[in-house]
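After this come two complexes, each holding chain A, first together with chain B and then together with chain C.
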Partner chain A sequence: MTHRPEQPYEIISDIGVEKGAEKLTPERIREVIRRYLEEEGGARLRVYADTCVHCGLCSDACHFFLSNDREPRFSPAGKVKQALLPILRKKGDVSADFIKRATEIAFTECNLCRRCVMYCPFGIDVAYLMLFVRRLSHKLGVVPQYIQDTAHSHAATMNQMWVREDEWIDTLHWQEEEAREEIPNLRIPLEKEGAEIFYSVIGPEPKFRAQLIYQAAVIMNVAGQDWTMPATPGWDNSDMCMYTGDEEMVARLKKKHFETAMRLKTKRIVMGECGHAFRSVHDVGNRFLGWKMAPVPVTHAIEFYSELFQSRKLRVKRKYDIPVTLHDPCNVVRGGGLHELARYVIHETCSRFVEMHPNREHNYCCGAGGGVINCGPPYTHKRVVGSRVKAEQLAEAAAKGARVVIAPCHNCHGGLEDIIKHYGLDLEVKFLGDIVYASIDKEG
Partner chain B sequence: MHAVFNFVRGPMAGIAFAVFIIGCLYQMASMWRLARKKDAVVFHYFSLFYALRSIIHWMVPFAALNMRRHPVMTGVTFVFHLCLFAVPFFLSSHAILFKESWDVSWAWLPDGIADIMTLAVMGACLFFLGRRIFLREVRYLTTVSDVLILFCVALPFFSGFWAGQQWPGFPVMTLVHMISGEILLMLIPFTRLRHMLFFPVIRGYMGSEFGAVRRARDW
Partner chain C sequence: MATSGDMSHWDWNIGKKVIADLHQWRKSFEWLEEPYVSPDGETIAAVVRTKDGMFSVCVNGDLWETRSDKIWSLRFSPDNRPAAFVSNQGLWTIAVGGRPWLNTYEFVWDLHFGEGGGPVIVAAVNKGRYVAVSDGVPWSQGYSFMTGLVVSDDGGHSAAVVQSAAFNPGDIFAFQKGCYTVAVDGRPWDRSFVNVWEMSFNPDGTRLAAEVRTTLYDYTIAVDGRPWDRSFSSVWQPKFNPADGSVTAPVKVKGGWTLARDGEVFWDQRFCQLLHHYHSPDGSAVAAIVAPEFARWSVAVNGLLWPKTFNHLITDLTFSPDGKHVACAARKDGRWTIAVDGLCWDLAFDMAWTPVFSPDSCHVAAKVEKAGRFFILVDGRPLKLEFAGAWNPVFSPDGCKLMIRGIGGSEKELSYCRYVFDMSGLPV
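Presenting the complex of A and B:
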C-alpha cells in the first residue's frame, strides 16, 4: 500500500507561509502542537479521527476531488490523512515543511463546505478537522498572507477591509445621496436608537460594492422598514478570523457586532447577502461568546426578502425576464436551510427559472468559500481548476437557457465569476438583491 | 488439545466477553468525560429528534443519496453488517453453547441459511478488500491495519464455516474459529471496529447540528 500521493504536487509560494515557517524550529512545533492537543484536542477530534474506516465514500462529495480527475489526495479523508493524522500519530514531531504543506491543504484545498458530512456514512465533520489544522497553523504563525491580512484588518479596525470610521460614514452618506436621485425622501438612518432592524453588511460592501448598500436602502425604504446602521465599528458582520483559526478574534468581532445591536436597542439584525458572515453570526461567533444561539435574532437577506414579499410590503412591478438559475451557497443552505425561501423569492421576482443540478443541500461549492478565495492570487489557478465540476454544472444550466446565476453570497460571487471567466461560460452573476431591486414597484 | 479447547471455550470466552463489554464501556465513558471537558457543545446542541432523524436515514438502505450513488457498496455493506450480527447470535451451534453455558435460549437460524449468511460475510470481506486494492481513492487511504482488521473479521467466519462443514482438520479449525472470534470481540473497543460504538454518536450529533441549528438535511 502506498502512502505517497499518486501525483506529484507543486508547493505554491506564499510569503505568509514561507516567512512563518522560517521561524519554526522542531522544538517549537512540538511544544505548540502538544499544548494545542492537550488544551483543545477533545472528543470530537479523537472520535472523528479514530472512527473513519477509510472507505473513501466521502470522495464523491468533494469538488476538488471530482474536478482533479478523482485524484485521491483531494478526497476529504485524503486531506485528513495528509494534513492531520501525522500530527496526531507523531504527537507533534513534524517538520516545518510538513506544516507548510498541511497549511496549504487546510486553507486552500478545502472550502469547509460540509458536503462530505452528507456523504460520510458516519457524518464525520471533515470541516471541523480542517479547521483544527488551520488553528494550529495560526498558532504556529504560518498562514497564507492575503487571508492573514484580512484577519489583521479585523483586529485593527473591527472590519475586514481596513475601512476607516469616517470612510464608512462617508460611504453611507454617498449612497444615500445617490439613492435620493431615485427616491427623493430616502434615508439611510445612522445610529437610530430603538429601530426595529440593524442592517449589517460585510467589509467589501463599502469598499467596492457600495451599490449593494444603495439597493438595500431602496428596498428598506420602499418596504417602509424601521431600520438603522451604526456609525461606529461593529457594523461589519464578516469574519475571516473564523477561517484563519483565530478564535479569540472571532469572539471579539461577534461581541462588538452583537453589542452594537444592543447599544442601538434594535430588535434584530438583518444581514446582507453573505454566506460566511451568516455562518459566523448564526452558528459560530455566538458559541465562542457562550450563547447557544445568537443573542440578538439574526435574519439573512434571503429570509428578509421572503418576509417582505409574503407580507406584501414589497410588490413586483415587472418580473425579471432573463432566465435565471440559482446557486445554493453552502453557508446559508447547508448551514441555514434557506434554499426554499430563496426559490420563493425567485418565483416572486423572476419569470423564468432553471434549476441547477445538483441543488439545495447537495449543491457544489463555488470553490471560493471557507476563506479559500481570501487566500488570494497565489491559489486562484488551483481554485478554478478545483471547480471544474462547478463549471460543468453551470454550463448545463446555461445549456438549458439560464443567462444569469443568482448567488446570494459574496464569496460565491467571487468564486463563480472566476469560474465563468476561466471556463468561458456565457453567464452573469447577480445577487438576489439585484433581482429584487430590479423587479419591485419602487413607488410602493 | 483438549485442555486448550476447554480453556478457549471456558475462561478465554469469559475474558473475551469481559474485555469486549468493559472495553466498550470504557471507550464510551472516556469519550463522554472528554466531551464534557472539552466539547460541551456536543451536549448543548444534541437533539433527540434530529439525532434519530439522521440515524434512521443512515440505517435504512438507500435512504441517503450517497447510498443510491453506490448501490453495490450499499447492498454489500448492509448484507455484511446484518449477517455479521445475526450469524453469531442466531447460529444453532452457538445457541446450544449459550444454552449449555448460561441456560438461555432463543430462536435460531436454519443451518442452510446461516451457511449462506456466513458465505455472504466472507464474500463482502473480499469485496471490501477488492475496493481497497482497485479503487484509487480507497487504496490511497488504506493502511496495513485496515487489511488486518478485514482479515480478523473474515477469519472466524471462514474457520467457522470450515468447522461447520466438518471438512478435513475441522477440530483445529474449530479451535481457530473460537480463538479468532474471541480475538475479534476483544479488538472491537480498541481498533477502528469501534465505529460500531461511535456510529450513532457521531451521526446523532451531526444530525442535531444539521437539523436543529442549520435547518438542513444531512443525507
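Presenting the complex of A and C:
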C-alpha cells in the first residue's frame, strides 16, 4: 500500500478499493445504485439531500475541516456534495473512479461522529448520508481492505478478531486464574443461566486487552454481582459491519448477541467500555431487527460503574491522584447522554480532574470512530492529520496539568494513542475501568 | 434439544422428597457453584472446591472420586448422568458420572447429549485440529477451524461449520470465494460457501439444512450441501417439517420477511421481522415469532397472527404435543408473562422460562421469577410454593401428575426437594 501524492487530493492505494473497483462496469454501478436508491433511499435520504442549503454552518463542527486548515472539501456539506449528490443527480451514472473517491471520503474522511448534526440549522444527519454511501460501496464491493477483513471475521466467527470458540473460553479461564492471585475466590461464571447480568465485551478484549476482562471480573466480584459470560459465539457486542454498510450482517450479529442473553435468561446486558458497540446495540442493530430499543436492556460500563458507586456496592479505598481529563466518546455521549455519569464516576475515584474544552456533547471525535481506524494503516497519516484540532484540545488539557486522559471507548483509545504519539503529547490514555479498578476497596 | 426419553420408570408417587441439604453443602465447601438438577429430579450436583484446593463435583452429597484442576459446564444428560469438562495438568476431557473419558485434548467445550441414553458429544481441539467427539470417539477428519456444533436428536450424528480452504490474513478476495462448509460426522460437504451459520438436522439425523451466504449479498438455505435455486437478501435458521421432510426458513424478500419452503415463498404474509419458526410435532402446523410492524411482536400460526401483540419481546415458543396449541414467554412494558394461543396469563414477572405442555396438551406449566424468588404456574395460576431456585416443571407421561424441582427453605435450611402432585390436587 503506497501513497501517491496527487492534486487536488492525495489518493491512497487500498487493495480493497482498487481491486473492487476493477470489477465494476458502468452498467453494474448504475443497476446497483438505482436498486438501492429505490429500495432504501427513502424519505430520510431525500429530505436531507434536498434540504441542505450549503450554508456551511456544519463546517466548524468538523474536526477534519478544522484540522485541514478549513479546506472546504473536508466540510460535512462538502463531503456530501462530493460523495453523494452526484449519485443522486446522475441516478447512478457515475464512474468506477468516482466510486473509489466516494468510498474513500465516506470511509476515511468522516468519523460519523454526528457533531455536525448539532450545528446544522435543519439537523441534517451527515453521518446517515455517509453511511448510505458506505452501503452503496458495500453493495458494489468497493470497501477498504482492513475493515472488510474485520467484517469477514464477524461473519465467520461472530466476533471482530477471528477469536475461535475455544480461545474465547480459554481466555476467560486464564483471566480467572490470574485474578485469583489477587482475589482467591474470584470467579468468572460461564453459562450461568438466570444470572442478573450478561457481561459482554468486544473482540479486542480477549485478543489484545485481556486485562480488561480481569479488571471487570474483579469489579463484579467485589461488588457482589450475579453475572455470567457466555461460552458460545454471541459474546462480542462489537459491529464493524455497521460501518461497512453490511446491514444484513449487522442484524445477524445483534440477533446472536441478544439471543445469547435471552438463552441465558439474564435480565440485562452490561457492556464494557466501547462506543461503537453501544451505538450498535442501543440504536442501530436492534432497529434493523425490528426492536425499538434493545430487547434485553443494555447498560454501558459508565452507567454500571456509576450505579455501583451510587448504591455503595463499590467503595473507594484511595483516590487516583494523577490529574486526569476526560474524552467524551461520541457514541456514548452525543449518542447516549452518559457524560454526567462519567464525570460522577471520575469525581468518585479521582482527586484531580481537568475538564477538556470543548466537552460533553460538543467534544471533538478522537478521529478513530466510525470505523475509520479500522480502515487500517493506509489511512493512519490522514487520520492523525485530520485530528490536529483534537491534539490541540488534548495539549490544552495537558497544559492545565492533566497527565492521563480517560477514554471509555476502545476505538477512542486507539485514536487518541495515535494522536498523542504523532503530536508528541505527554499524556497516557486509560479506560474508566482502569481507574475504578485502581481506586476501589477490593476487600470491601 | 435432547428430550428425556422414557420417563415412565421415574418415581411418580405423590409426595415430597428431600434430596439434599444445601446449607450443609455450604458449610462443607468454601467454594460451591450453582447447582444443577437431573431431569428426573432425583439428583442435584454442583462444582465444589475441596480442602486440597482441587475441584470436584458434589452429587447428592457425595464427591466424585477424581479431583481436577478445573471443572466447568456441569450439566445432566437426559438419562440423568452428571457430566462436566475437567482439566488436569493443562489437558481437558469430559467426565460423565464422575468417570473421565480416556482421551484428553488441549481443550473441550460445547456439550451436547443425545436424547434418552444417547451419546455425549463435545467439540475438541488438539494440535490445531478441530473435531467433534462422540462418547470418546473423535471424527476421523479434523479441521483448522470449527464452530457451531449441532447434533441430531438421538445424538447419532454431529455437524459443524468448518473451514474448507485456507486464506491468508487480510486476503478478503480469497475469503469471498468461499472458504467454509459443513462437516457432517466429520465428512465435509463437497461445496463451499462464503459463510455457513445456523443448521438443523431432520428428526432422524439423516439430512441437514443450513443458512449459507453464496456471495457477500446472496443468502439462501443449503440442504445436504445443495443450495436452494433462489437466493434472498437474508435468511434465518431452517427447519425440517417432521411429516413431509420439506425444509422451511424465514427469508427476507421485497416487502419484508416471510416463510419459504424448499426455495419458494410459502406464506403470503409479509412481516417487519420473522425470527424463529417451529413445526408442530405432526408437521401439520407451523408457528413463528414475528413483528407485524416495527416494535410490535406477536406469533403467527400458519401465517395467521395472534390478535395480541407485545412491545418488547417474545421467546421460547413451543407447540403442544397435539399441535393444536402454541405457548410462549412474552415481555410487555418490561414485565414477563406466559401467553397461550394468543391469550396472556394475567400475571407479571421479572423472568419467564419455556412453557411446558402436558402430554395430553390440556395443561401448561411454567417456571417464573420475581424479585429473586421462583414460582411455578399451572394454567395461569401460581402454585403455593416459593423457591430460592427452581427448574422447569415436568408432567408425568400420562399427564396426571406434575413434578416440581425446587430449592426451598430459609437461608439456614436450604434444601433441594422433589415434589410430585396429582393434577387434581395442586397446591393452588
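Definition applied: the second predicted complex is superposed on the first by the 437 of 444 C-alpha atoms of A that agree within 3 Å, B and C clash if a C-alpha of one lies under 4 Å from a C-alpha of the other, contacts with A are read in each partner's own complex, and residues count from 1 in each chain.
Following the convention adopted for this analysis, contacts are C-beta pairs under 8 Å (C-beta built on N, C-alpha and C of every residue); 3 or more make two chains touch, one makes a residue touch a chain.
All of these numbers come straight from a predicted model, not from anything done at the bench.
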Between chain B (first) and chain C (second), which, if any, makes contact with A:R164: first, second, both or neither? second
Applying the touch criterion given at the start, work out whether A:P72 contacts chain B, chain C, both or neither, answering first, second, both or neither. first
Touching A:G194, do we find chain B (first), chain C (second), both, or neither? second
Answer with first, second, both or neither: which of chain B and chain C does A:Y146 touch in the superposed model? second
Once chain A of both complexes is superposed, is A:H173 in touch with chain B (first), chain C (second), both, or neither? second
Have a look at where A:P233 lands relative to chain B and chain C in the superposition and call it first, second, both or neither. second
Mind working out whether A:K292 is in touch with chain B, chain C, both or neither, as first, second, both or neither? both
Mind working out whether A:A210 is in touch with chain B, chain C, both or neither, as first, second, both or neither? neither
Pick out the shared contact residues on chain A: the ones touching chain B in one complex and chain C in the other. 287, 292
Name, in rising order, each residue of chain C that touches chain A in their complex. 30-31, 33-34, 70, 72-73, 106-107, 109-110, 123, 125, 145-148, 169-170, 172-173, 175-176, 180, 194-195, 197, 213, 216-217, 219, 233-234, 236, 252, 254, 272-273, 275, 291, 294-295, 297, 311-313, 315, 350-351, 353, 369
Listed in rising order, the residues of chain A that touch chain C in the complex are 15-16, 19, 39, 138-139, 141, 145-146, 148-149, 152, 155-158, 164-166, 169-170, 173, 185, 187, 189-192, 194, 231-233, 246, 248, 251-252, 255, 262, 265, 267, 287, 289-292, 295-296
Applying the document's contact rule, which stretches of chain B touch chain A when the two form their complex? 31-32, 34-35, 37-39, 41-42, 44-45, 54, 58, 64-66, 69-70, 73, 77, 131, 135-144, 146-147, 192, 194-195, 198-199, 201-203, 205-207, 210, 213-219
Across the complex, what residues on chain A touch chain B? 1-3, 6, 40-44, 46-48, 50-57, 59-61, 65, 70, 72-73, 75, 77-78, 81, 117-119, 121-125, 282-283, 287, 292-293, 333-338, 361-362
